[in-house]
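Order of writing sets the labels: A, B, C and D. Residues in every chain begin at 1.
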Amino acid sequence: MGDAQLDGLIRQVSNWGRWGSEDERGTVNLITPERRRAAASLVRQGAIFSLAIPFNLEGVPQLPVTRRINPHHWMLQTGTDLCAGVQAGAVGGWGYADEVVAMATHAATHWDGLAHSFYEYKMYNDRDCALVSAAGAAQNDIVPISSQLVARGVLLDFPRMLGTESLALDHRISISEIETAFEREGVESLPGDVLLMRTGNMGRATHRGGWEDYAGTDEPGFGIEVLPWLQEHDVAAVAMDNWGFEALPSGNPTIWLPVHAVAIVHMGLLLGENFMLDALAEDCALDGVYEFLFTGLPLPLSGAVAGPVHPAAVK
Amino acid sequence: MGDAQLDGLIRQVSNWGRWGSEDERGTVNLITPERRRAAASLVRQGAIFSLAIPFNLEGVPQLPVTRRINPHHWMLQTGTDLCAGVQAGAVGGWGYADEVVAMATHAATHWDGLAHSFYEYKMYNDRDCALVSAAGAAQNDIVPISSQLVARGVLLDFPRMLGTESLALDHRISISEIETAFEREGVESLPGDVLLMRTGNMGRATHRGGWEDYAGTDEPGFGIEVLPWLQEHDVAAVAMDNWGFEALPSGNPTIWLPVHAVAIVHMGLLLGENFMLDALAEDCALDGVYEFLFTGLPLPLSGAVAGPVHPAAVK
Amino acid sequence: MGDAQLDGLIRQVSNWGRWGSEDERGTVNLITPERRRAAASLVRQGAIFSLAIPFNLEGVPQLPVTRRINPHHWMLQTGTDLCAGVQAGAVGGWGYADEVVAMATHAATHWDGLAHSFYEYKMYNDRDCALVSAAGAAQNDIVPISSQLVARGVLLDFPRMLGTESLALDHRISISEIETAFEREGVESLPGDVLLMRTGNMGRATHRGGWEDYAGTDEPGFGIEVLPWLQEHDVAAVAMDNWGFEALPSGNPTIWLPVHAVAIVHMGLLLGENFMLDALAEDCALDGVYEFLFTGLPLPLSGAVAGPVHPAAVK
Amino acid sequence: MGDAQLDGLIRQVSNWGRWGSEDERGTVNLITPERRRAAASLVRQGAIFSLAIPFNLEGVPQLPVTRRINPHHWMLQTGTDLCAGVQAGAVGGWGYADEVVAMATHAATHWDGLAHSFYEYKMYNDRDCALVSAAGAAQNDIVPISSQLVARGVLLDFPRMLGTESLALDHRISISEIETAFEREGVESLPGDVLLMRTGNMGRATHRGGWEDYAGTDEPGFGIEVLPWLQEHDVAAVAMDNWGFEALPSGNPTIWLPVHAVAIVHMGLLLGENFMLDALAEDCALDGVYEFLFTGLPLPLSGAVAGPVHPAAVK
């Protein structure tokens, strides 16, 4: 697709103004109390499935040579200091441990916020990209979204449907495949859903023992042609088990990440990256239940363009 | 109480070995699937209440002169760079924003992990405090706990019960007050509960426009005499709207934070600090419903002794 | 002065193009090998005087609530870990300590680089301020300057000359006072000099036990009317024992730091801040020798707009 | 050598107590004012040679996957923010840039301090290694040393002497080679010297375009058998153009870095790593002058076990 097609698509799917000119939540508005209540009623057994990867220096997929630093963990107080009798404030064997963490918000499991992407110098809801300065995002930061994310979740397990461990790196998920997945799993798409679309790409990488060929390279996902379907179905958020969310290379001749440009900037759609979906998928395959209560409130980091999160599914 | 009393109490409430010698979850084990399922059934309206404060440099209560740094937010890519035409990789008006955060895990709303406190050179489940080194917590880090925290929540609103905006700084919550609160609110304590005990102390501080007299000073809370009650009732976690969790000064002649010593080290009880409970309390007072679905999964930071979290109540 | 006066002054003192359109060193070009050789010949006794303050969290003057973080020091490996037998790679009592530091480049003793200040959207040598993005300074960073700073140093001790411990906060050093100081001290100004102008303002603050009223407030120094004198005398760099270099408030009706605007942007003059001059001044008063070998090479931080430095005088 | 040999060597070269039981400077004490004065007299032309590498994320040799983070540079204020009209405090085109840096002290050019290495649980001058805790080095930090480092420097250019671009990775510099180098260069060793021993190993790595095979691997240098020579000649400091200072593998059957153990812990000898000596060596080869004024004061980081530095030679 070229930019003319992108602009046509944008006119089709834009949510600018849909929830008012002041809105900073985008599609998360679709998670209504009623939908959240219905989501809670999906809990049958009370089993919980973590969808995060461990946050640590070597356990996360960002390339450490980039400026997106992986989580660093620095201790301010340690038990060894206590043992050695040098911890300030300790009395005998009574003391404590304390620490600092530093990381890129995109380093591990996270939501992209509505100030993360720009198109034609704009971000969501017709706001100027210059509102995102060295002081952070003056609007569209992760905070307004962060408190809403308990909703119905639906896992779409494409690799299982297609009889493979993981989608090929050049696999591009189609609308037809999405609809087939819903049908095969016996669930229907409902407004305000959080869709967890499994590609198997994180499992593929970790089974090989590392993330070397994972971040920054080709990946399976979907392209901009799927966005109208998400818009028609009032999807609140989509999370993937890949690093860059969308199918890469995208096929767009001009820009690198066209799904980001249209979905984040114009739809205000919340995108989740590096969600680990394999354990949940295993359970869904066993009991045949692909809908559940989803919880995934990111840290409310003021001014931030993304939000680290520990999401989970409760079945 | 003196240390002899502390040691007697420890024998009374210890959970060492209760869930096996390998256990690193402590009381969070009490959140069974069955209890989690029952918790989900409490959702009536689908309303959600955030229990976090915004994470930013001046919005969190730690004293900035301490080594517990408040959240710092540093941009790697900005919209202003895009506007100026200097963002690497940008094409025309297409570009992005990116960032790094650094903070003390205890800076804002967080759970204290089971490696945070030591007593007699031990941490939870008879482990040596030397397992917590400059490399982090080799055992008892926040990760095993982090994936479990969807449970029944109960708010105990002590200030409202006592007809005040916030508890006096020297107020020490008693077992009798806890039982009265349950009774007044028409709920009973159940195994695996997450108790949210409101003191009003965060509201007190923020209504005055800042955190100046909040962290590190006297605060309302409860003392070690309450711990047997929590143990008998199989409470899974307790969170407070204060900075140091327990009533301070504690009255203990030797150590500063005796509740930490007994609850974290010997009970393996999860303690939450800086949980903002005022909005939830307002709603509970309106509808008279004090039990709800609680979600509060901290970031799974490997080796960490605490976990930043965005907790919420769903009613 | 108003902006018309500022613009007139700029025409008078501008060094744009003086050392070619590619130049990124500004007045540091004036430190010729010949001048450096002569500076070395000033060493009579070999005594060395440190001009830095200790770099640590509480020992530096920045207000900790600002985003200019004071030096944080986080250990990666400790001796207590070795004692406890938990240091990876250690053998018996053989091991090591390791660490990370994080700080604002302006936090302690530093040189302001030529990309630190902008006037009319320009920085030194007619360069666009947009060259300083979230990726750092693409031009005029501290690196080209950093390797040159061994030169003749001259201390101008204004408080001693004026019979006071420290200049009054509203004292504005005049050209006449500068010339009187040279005369009184028996030295003359030479091209390529590094002038250390003592106000006593750091000593004033530290003698009171802290930096509370130091950074961000009024301070003694000089105003823009002194810049032509510095230009005529081909001064290579000026360092002060104050936080913001110039006399504050400046008297300019529009901009906060007019000396920065003219000196850094148009003269390409290197300005040093938080240089501790008291011990050196004491010695100069004793032996009457106010010229010396100065060394002060900042860390060559690529892209940086300032350079932390440990400067010294050798007499 | 085995540990018995190490212990014998230690008795031979130990400086514990030599400058008093309170001493924290070690061999840097040997840089007397008289020696510093003589060093200044070596300046003939005033030419200056930087011995640092640029400090930046990819320009320094530490492996980015280790916890020794390479320099990160984060902007607090940018020129692009000014252009976009969103910089707080800016007036028209007047504004500024500001920043934070974070790095391992060992990441780039640095001195190892006397608290960096431990042997038999001790550090320099019979101090307990437990003095180095998560709070930093309570004794033997870099500060007392940092203010002394202007001295005579001598370059020993081993690759040129041996007719090669760089020493083979398994080359072990002998006392005989050191003495031959002095003789060939027409200089003699004097007390208080800073010896710059060139291996060519940094040039070898950078000429290949990166640091991939540099840090953490085999390297040319000298072994513990050279230490008595350094002790007899009262050398104040030695810096190398390699990452780990000593010949590696060391040949010691037990510990990884025996030169560190003996030189830092028992001699209190200052060791410099990642000093880039090639440009200086080129000049020395041209004019045949291998002695000069050396300046290399590291940042006075309180509690630090190493000091980043921008060293230089002035000829």
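One rule holds for everything that comes next: contacts are C-beta pairs under 8 Å (C-beta built on N, C-alpha and C of every residue); 3 or more make two chains touch, one makes a residue touch a chain.
Keep in mind that what you see is a predicted model, and the values were worked out from it rather than measured.
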Checklist entry - Going by the contact rule set out at the top, which chains touch both chain B and chain C? => result A, D
Next on the checklist: I need the rotation angle between the copies chain A and chain B from a CA superposition, between 0 and 180°, in steps of 5.
Outcome noted: 180
Checklist entry - Copies chain A and chain D touch; is their interface built from the same residue numbers (over half shared) or different ones? => result same
Next on the checklist: Just the number, please: Cα centre separation of chain C and chain D in whole Å.
Outcome noted: 25
Item to check | Distance between the centres, which are taken as Cα means, of chain C and chain A, whole angstrom | outcome: 46
Checklist entry - What parts of chain B, by residue number, touch at least two of the other chains? => result 67, 69, 72, 75-76, 78-81, 83-84, 86, 100, 102, 130-131, 133-135
Item to check | List of chain A residues in touch with chain C within their complex | outcome: 72, 74-76, 78-81, 83-84, 86, 100, 134
Checklist entry - Which chain A residues qualify as touching chain D in the complex? => result 57-58, 64-65, 67, 69, 72, 75-78, 80-81, 84-88, 102, 130-131, 133-135, 138
Item to check | chain B to chain A touching residues, read off their complex | outcome: 32-41, 43-48, 50, 52-56, 59, 67-69, 71, 73, 75-76, 78-80, 82-83, 89, 91-106, 115-123, 128-137, 143, 146-148, 150, 254-257, 260-261, 293, 295, 297-306, 308-312, 314
